[in-house]
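Next come two complexes built around subunit A: one with subunit B, the other with subunit C.
Then we have the complex of A and B:
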């Protein structure tokens, strides 16, 4: 699994995740991603267009990012959630915590308030 | 392909040895071992101390593996200094290294996976101190596995609600747990799956099991599923438990009326199998510990006489990437609800998962429970 941090607008960080978010994949990126996000400020958009599978540790990583954003008063949204992943998120009510936007532009609008 | 029958009368078996803890000074020398992982049993670590070691179906092979696909003398490992070579000994079904059948001696790289019949052995080359730590961890995992097993309820073979289950922890422990109990006219059951693997996840699942066994949720009516999940969600906030959360399904059956009340916290839906087609009982709710104050909801359904209820964990549904495309809820449902003895449903499902996974060790715990009414 890989990740990339982008700055689509001032004050917003886009996290692009790539690959299966299973135990092995999450283990590769979680520490580095958390450290980089802690050093940033502003709202967060998580791009899941290239994530075909989300296991329990992947969900834990998303929740940790959401809690980090909440602690510093920032907003968070997701975009590009694949149908099979969306089903898991709906079962877990994860969309109550991290709202899902249909595309990148809508996600930016969501966090901009 | 089957091996030719041997004419000997010796019993086929897997020889179990205790985890070998490397001895000697911590001096940075390399320790070589074959690591055997199998579902439901502790990791076995076979040290390569001598110059050669034979793997086969019967003694005097140093590593004895059962199964008709294993030849009496299947393959041999030869160690020269810190280089280990493997060669096939003319076995019927072949020896595979990282998925390729070997036709001549092959030098093993650290982490190479050796397939002998249905068994997988991993070659491991570590510094002595690292091997010490690995053996110690394997011992801790074995103890945690035994503890989880000791807390699981026995199957129920008679009465208004019978229960059968299959639980196969993965080598590293996946944090699955379940339980059920009857109190008068009420029968409650749950299944949970802690995020992550290892001793920490197993400890977390054991904590929850003990709370459930002892009814240790203050001010909570165990006959009200939503309040049970809400209390657990409050008690096991992931920020206070090393970032761990768990998914859970909890249900309570009023036996005289066969009315089932249930709630789900991010877990797979239960499958209800009665006279018609099996159907999933929908349930939506936050994973336990992920969202403080989440408003869980209790749903109710009236079960027909002789209905069956199936509960299962991630390990029954989520398989390795290369086989996942051919596996999903329709296949899980078919295995659990297919013809045959109801009590064999969980094991039928496990055998299907194992077969589809090519008998490789599973990446996650496997748990499946069937409750049979009437």
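Then we have the complex of A and C:
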């Protein structure tokens, strides 16, 4: 699994995740991603377009990122969640914690308030 | 657990690469047996949580190994997991609303929420052989 941080607008950090977010995949990126995100400011958009599977460690990682954003008063949103992943998120009520936007533009509008 | 035709038996080491490999093998086996993708997905998700529970409680004096058995019929998946650790029933933790997770310092109750929300039945037993056995059923859900 890989990640990339982008700055689509001033004050917003887009986290692009790529690959299966299973146990080994999340273990590969979680420490580095958390450290980089702690050094960033502003709102967070998580792009899951290229994540075909997300397991329990992946969901926990998303909750950790949401916590990080909440601690500094930033807003957070997800975009590009694939249908099966979205179904699990709905079952888990994860969308109450991190809202989902249908596309990148809508996600940016969501965090911009 | 006795391997049988049309069934998958996996003995796995308690580490993340072994878990990821087992998830893929399970998913491939169930898909080949006719389980729909959403069933395969939920099986991989719940198995990850169940095995991670064992790994989290593996030290000290915890489990040294785990095994997974899977069967599928008519799109339904039946999965059993056994480990040789101390008695631990993952179905007994108190569930907590996920919305509280932002304020919380830990994820207590999250795993149970995940297992209950993504299985259609789950049973725990401490076997006479001294292992934990978790049996789970996954039925297709209409879209």
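Following the convention adopted for this analysis, the second predicted complex is superposed on the first by the 113 of 113 C-alpha atoms of A that agree within 3 Å, B and C clash if a C-alpha of one lies under 4 Å from a C-alpha of the other, contacts with A are read in each partner's own complex, and residues count from 1 in each chain.
Convention: contacts are C-beta pairs under 8 Å (C-beta built on N, C-alpha and C of every residue); 3 or more make two chains touch, one makes a residue touch a chain.
The shown structure was predicted, so the numbers you read here are calculated from the model rather than taken from an experiment.
When both complexes are superposed on subunit A, subunit B and subunit C occupy overlapping space and clash.
Contact with both subunit B and subunit C is seen for A:96 once the two complexes are overlaid on the shared chain. In the superposed pair of complexes, A:36 makes contact with neither subunit B nor subunit C. One of subunit B and subunit C touches more residues of subunit A, and that partner is C. Once chain A of one complex is fitted onto chain A of the other, the partner contacts of A:25 are limited to subunit C, with no touch recorded for subunit B. Residue overlap on subunit A between the subunit B contacts of one complex and the subunit C contacts of the other covers 20, 22-23, 53, 55-57, 59-60, 63, 67, 91-94, 96-97. Here subunit C touches subunit A in the complex through residues 16-17, 19-20, 23, 37-38, 41-42, 44-45, 48-49, 51-52, 97-99, 101-102, 107, 110-111, 113-114, 117-118, going by the rule given at the top. Considering their complex, residues 20, 22-23, 53, 55-57, 59-60, 63-64, 67, 90-94, 96-97 of subunit A touch subunit B. Those residues of subunit B that touch subunit A in the complex are listed here as 193, 195-197, 238-239, 243-245, 247, 264, 266-269, 283-287, 290-291, 294, 314, 318, 321, 324, 363. Only residues 20, 22-25, 27, 53-57, 59-60, 63, 66-67, 70, 84, 87-88, 91-94, 96-97 of subunit A touch subunit C when the two sit together in their complex.
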